[in-house]
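Have a look at the structure below before the remarks.
Chains here go by letter, A, B, C and D, matching the order in which they are written, and residues are numbered from 1 within each.
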Amino acid sequence: MSHNTFGHLFRFTTWGESHGPALGCVVDGTPPGLAIEAARIQHWLDRRKPGQSRFVTQRRESDTVEILSGVFEGRSTGTPISLMIRNEDQRSKDYGRIAEQFRPGHADYTYWAKYQGNRDYRGGGRSSARETAARVAAGAIAREVLNHLLPAPVEIKGALIQIGPHRIDRGAWDWAEVENNPFWSPDAATALVWEEYLDSVRKAGSSTGAVVEVVAKNVPVGLGAPLYGKLDADLASAIMSINAVKGVEIGAGFEAAALTGEENADEMRMQDGQVRFLGNKAGGILGGISTGQDVVVRFAVKPTSSILTPRKGVTTGGEEVDVSTTGRHDPCVGIRAVPVGEAMMAVVLADHLLRHRGQVGL
Amino acid sequence: MSHNTFGHLFRFTTWGESHGPALGCVVDGTPPGLAIEAARIQHWLDRRKPGQSRFVTQRRESDTVEILSGVFEGRSTGTPISLMIRNEDQRSKDYGRIAEQFRPGHADYTYWAKYQGNRDYRGGGRSSARETAARVAAGAIAREVLNHLLPAPVEIKGALIQIGPHRIDRGAWDWAEVENNPFWSPDAATALVWEEYLDSVRKAGSSTGAVVEVVAKNVPVGLGAPLYGKLDADLASAIMSINAVKGVEIGAGFEAAALTGEENADEMRMQDGQVRFLGNKAGGILGGISTGQDVVVRFAVKPTSSILTPRKGVTTGGEEVDVSTTGRHDPCVGIRAVPVGEAMMAVVLADHLLRHRGQVGL
Amino acid sequence: MSHNTFGHLFRFTTWGESHGPALGCVVDGTPPGLAIEAARIQHWLDRRKPGQSRFVTQRRESDTVEILSGVFEGRSTGTPISLMIRNEDQRSKDYGRIAEQFRPGHADYTYWAKYQGNRDYRGGGRSSARETAARVAAGAIAREVLNHLLPAPVEIKGALIQIGPHRIDRGAWDWAEVENNPFWSPDAATALVWEEYLDSVRKAGSSTGAVVEVVAKNVPVGLGAPLYGKLDADLASAIMSINAVKGVEIGAGFEAAALTGEENADEMRMQDGQVRFLGNKAGGILGGISTGQDVVVRFAVKPTSSILTPRKGVTTGGEEVDVSTTGRHDPCVGIRAVPVGEAMMAVVLADHLLRHRGQVGL
Amino acid sequence: MSHNTFGHLFRFTTWGESHGPALGCVVDGTPPGLAIEAARIQHWLDRRKPGQSRFVTQRRESDTVEILSGVFEGRSTGTPISLMIRNEDQRSKDYGRIAEQFRPGHADYTYWAKYQGNRDYRGGGRSSARETAARVAAGAIAREVLNHLLPAPVEIKGALIQIGPHRIDRGAWDWAEVENNPFWSPDAATALVWEEYLDSVRKAGSSTGAVVEVVAKNVPVGLGAPLYGKLDADLASAIMSINAVKGVEIGAGFEAAALTGEENADEMRMQDGQVRFLGNKAGGILGGISTGQDVVVRFAVKPTSSILTPRKGVTTGGEEVDVSTTGRHDPCVGIRAVPVGEAMMAVVLADHLLRHRGQVGL
């Protein structure tokens, strides 16, 4: 089963609600001997942290991670690594309305219906994107696995490539630019367009969607366990499980539908005794197995459902109401999804690396 | 682990290669007392069968299913149902070239690299889309589970909505039309466009991609196990595991990225004491849990990699060659992916129905 | 995989080391609406707590449990329940010797060898029986599941039936007696024998083994998923995973080997329209499925490996040494295994109850 | 879930009933490049085959195995290996009585109750020990995994050490003797005692229990994944899942309960730079991890429940009847459990070898 656990040989289990005392994860299957320090995990958590610009939620959380087990004298011991993050800013307020109102686009109604009225409605409870902090922490361990076991470090980088109707110019892609703007945009010019657009969205109390692209370089050939543990199938599951994601594609993705076989086939030549591909429509995966090329995943994030404009909703008692959300929220939750997408890529690759090593060897 | 097994409480394991003696699956977790007959499974297999029009592969396979276990006097016993389909048309030919050449776009190279040169190269072996016959057989059992346990039968229907650059007119959507043309098109006019387009593709020895949409009606509210067994995450994995699929989306999917929160939020009203949604941008899933609306999944299928035009490839020995594929093939493998997508939808829903019944009750 | 996770639909994942900051577990798959309070969990933890008599370890731990997630306003929400217990008495001492010496009978050598020298050696680290506190906490939740879903509460009770060479008189079995002595003995007379025996063992700095019996009453017929999720197979795995356990048996167990078919077959009659068994050699399980009779499990616990008498050991550096263990320890770790055995019985039954409800219904 | 699947990285799924057309298994996770031939699998199947002496069932089955997938040109390809055995001797007879009568000691009642009356009652259906043929076939593949990956071949050998009240003399143990008598007895003298005893049991239409011991030599140190994938916990589950098994022990097993810590601790010395144990009370496993010593498992098999003497039973309609079983049966099913126990040992070790290689490396 996979209620709250992701992965097989390398796996993590998350727990916690938006307004409970804490959240965290248990990371299991880590090889022994990895250098694990809170500060290295914190580095990745800080990239996802709220309140870092006016374009993300103003909730104040330091997201400080504590290592509770599985690490001894700075090294992983192969036993479960328990990571905990205390919730700090559970702003005291009247939750009366949210307790009784189903907000359109949120998981309020479905959790209420599935769990027969038992739910922590405060801030969305378990369905809140705050849970993704635990994913980023697990992803930090996964990155150490990849670095530890492979000769060349796997580089995993994400970027935002679309906000609302505005898409970047792929010709202007510059990875260095990603760290220079609050949107993880690889294209400086588009970042300026987004800034203006998001300011208007934010002021209107509205929200907007986005598209994220995550790329993994130096992935060895051979990862992926056909047919129901294909690398792309596991990536699709990992990414679709992120809050607000509505679509996932690999390589050419939906554009492949319009192509001919000639256009889509990535041709091959030899280079220095190695197979070299002349294109990467496949996004680094053929038959569910990595080709050795960049693994490229793209995903769509829907607009934040918390908006000021009243929308038609209903209550737990079956009354029709107008719902307007006034609290702190991300006008474009896709921005903070970038480090989460990176983390899930890292986790999937680490899991498959261990599985491949188990069945086939390295 | 999930090498060749899909699902949890309701699960199936597939086996077999394109040119081996047979292929099949073991379906486990079926509730007892379901009416299971070979003829009912055959009905669904026949929809996926090759050779039914000039637009699909001309390989001759009756795809006759045998039930080897788990059914007694026409009823499921709750024990594993083993289903086998004999391969009939393993055309005897010289496999010399395919044994040594990596065809661009195929899984030849990745299987060879992963499995250290050990692979059944004939017809793609394990990576062949012939495996999807086993999925359709498992899906037939899954449909019985859904029908047996729910008061209103879940209806699962698929359609092709794009071939190459030609997309259907959604305004003209007519489910009845789907059975009237060899493309599962819900739009008769577009079917004619596709016919002409595919004839030209076929005659050129080329191929093209496609987009499939699968819809499930009467899905009860509450299916889905957050956070890593979300209904949409499992659908994404199920669909992405189908041969040649490069993208999956739920509801509005990638279009959600361009929307505002106002546009995207499916508003709610009450009707006859039930929550009624005024839109379905969510595709029937919020927070990973079904809303009771239609579950809508769309996926992109890449063009068949087997084409006549020579493409640059390499050999197992590291030589550069031109590869041209002359055998029987589907010019648009997306067509036969429609019943496969339906089957995977059925399997995911059946699994989640049992899991939900286990944790929460029905 | 099942590194540190036990169970399927109802499952828990434990983490923590003997001398780390804390230990705990994440319980997943709990049905919604169960009454869950720290005090109710604490009740069971207190039965396993060290320091309650001179016959168990004198380590001072309050074993206070904190609920970090998954419970809202006293009710389970169906989301993961994270439970944490702080370690309080990590007596500061020089761990130099234990860091370098492999103690005979302990897991020092195997952890060191498996994890390539990376291990938390303090107090046995992850291999310490302190981890069983987390099992007891998870078992407390499992008991609520059983009580919540079944009309008659499942009663799970354990007793010690042998210490060293001294076995109880089964004819004198009195469940009420179990709470009246520090050994969980159902036979008052034998408890006195044990007291004297254990005092001599304790004073000699030695240790001794034990046999535990756990009985579950009111288990419904039908639990167990043949063939590799048989109720007895899962119980065997659950019990054998407890520290120091070396044998598990169901019903007549090893004695069945000496019986004839006539002696072993539990005959059946009807009573009030129900099947009634005239014996219970089967221990409540036939073909891996519960019969509705008492489920009876017995297990052997080896003597604590920490003893004063020097034994031949070796060091991490390959030197031969004499090892003598002077710290606090349980002279008969079997005593504190009783509540742990009960907890594992509860967990297995809860998991199978949910699985059965999922596949077959209740 | 683990209904009919055993193992994680190396896993198999079995299917089939006693009197259906066939039975078989799908073995998944096999490393590529192993030499796999039907004849090598048949070698192990022949050891379990019925009808080989007057002390086992006279059912006539050649148990001929067919390889349907996963092997190409004599080598495993890393894809699922489907193995099928046709049932040949489904003696046509009137099943009327068995259809309606619950035989004491059999799984008739529990299957009927669990699966709501849906069951294949012929010859016990799914609960028949015929399913163990599939285990032996899977075990044959597992042996190849162990041989292929390890420098010294793991030797797995089983013996019968008790029939009814008659136990072998361990001092007379001679592995060579095991192949010289129809009981797998390592002690020639006891074999003669058993022969006489079993003849009397057989003539009386009765049956008797047995104890089996399985030993694995050359198991590398480090196999086992604490805490819920301990090597001994997985062995306990694997063995307890075999038909008619009621107890499992490792090393000293239940005898450890009577020992002192001094007696039980296996002391250690160095020899040729390697840790050498001076005893093996642990049965080759400490803390759930293999020590490098022989892994020793012992298990109790209950007497066959099919006996001539009438026993009190009931019918599906709730009538009280006397049940007498006249068909072919094993007077001591423990004999044929020896190769099954060996197979399960092989499967557990192969799975753990791959898992260890995955997490830690080899």
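By definition in this document, a contact is a pair of C-beta atoms (placed from the backbone, for glycine too) under 8 Å apart; a residue touches a chain by one contact, two chains touch by 3 or more.
Treat the numbers as computed from the prediction; the structure is a model and nothing was measured.
Annotation: the subunit B:subunit D pair of sequence copies touches via predominantly the same residues, more than half of the used numbers being shared. Two chain pairs, A-B and B-C, are compared here, and A-B has more C-beta pairs in contact (counted per touch definition above). Note on chain placement: the centre of subunit B and the centre of subunit D lie 38 Å apart, centres being C-alpha means. Note: centroid distance subunit A to subunit B, computed from Cα atoms, is 26 Å. Distance between subunit B and subunit C, defined via averaged C-alpha coordinates, is recorded as 45 Å. Residue numbers of subunit A whose C-beta contacts span two or more other chains: 1, 3-5, 8-9, 14, 29, 32, 78-79, 114-116, 126, 226, 355, 360.
Remark: subunit B residues 1, 3-5, 8-9, 11, 13-17, 20-24, 26, 28-29, 32-33, 66, 68-70, 72, 75-82, 84, 114-120, 125-126 touch subunit D in the complex.
Listing the residues of subunit D that touch subunit C in their complex gives 1-6, 8-9, 14, 102, 104-107, 109-111, 113-116, 126-127, 131, 162-165, 201, 206-211, 221-222, 224-230, 232-241, 246-270, 273, 275, 278, 281-283, 285-292, 300-307, 309, 311-314, 318-320, 334, 355-356, 360.
Of all residues in subunit A, those touching subunit D in their complex are 1, 8-9, 29-32, 78-79, 226, 354-355, 357-362.
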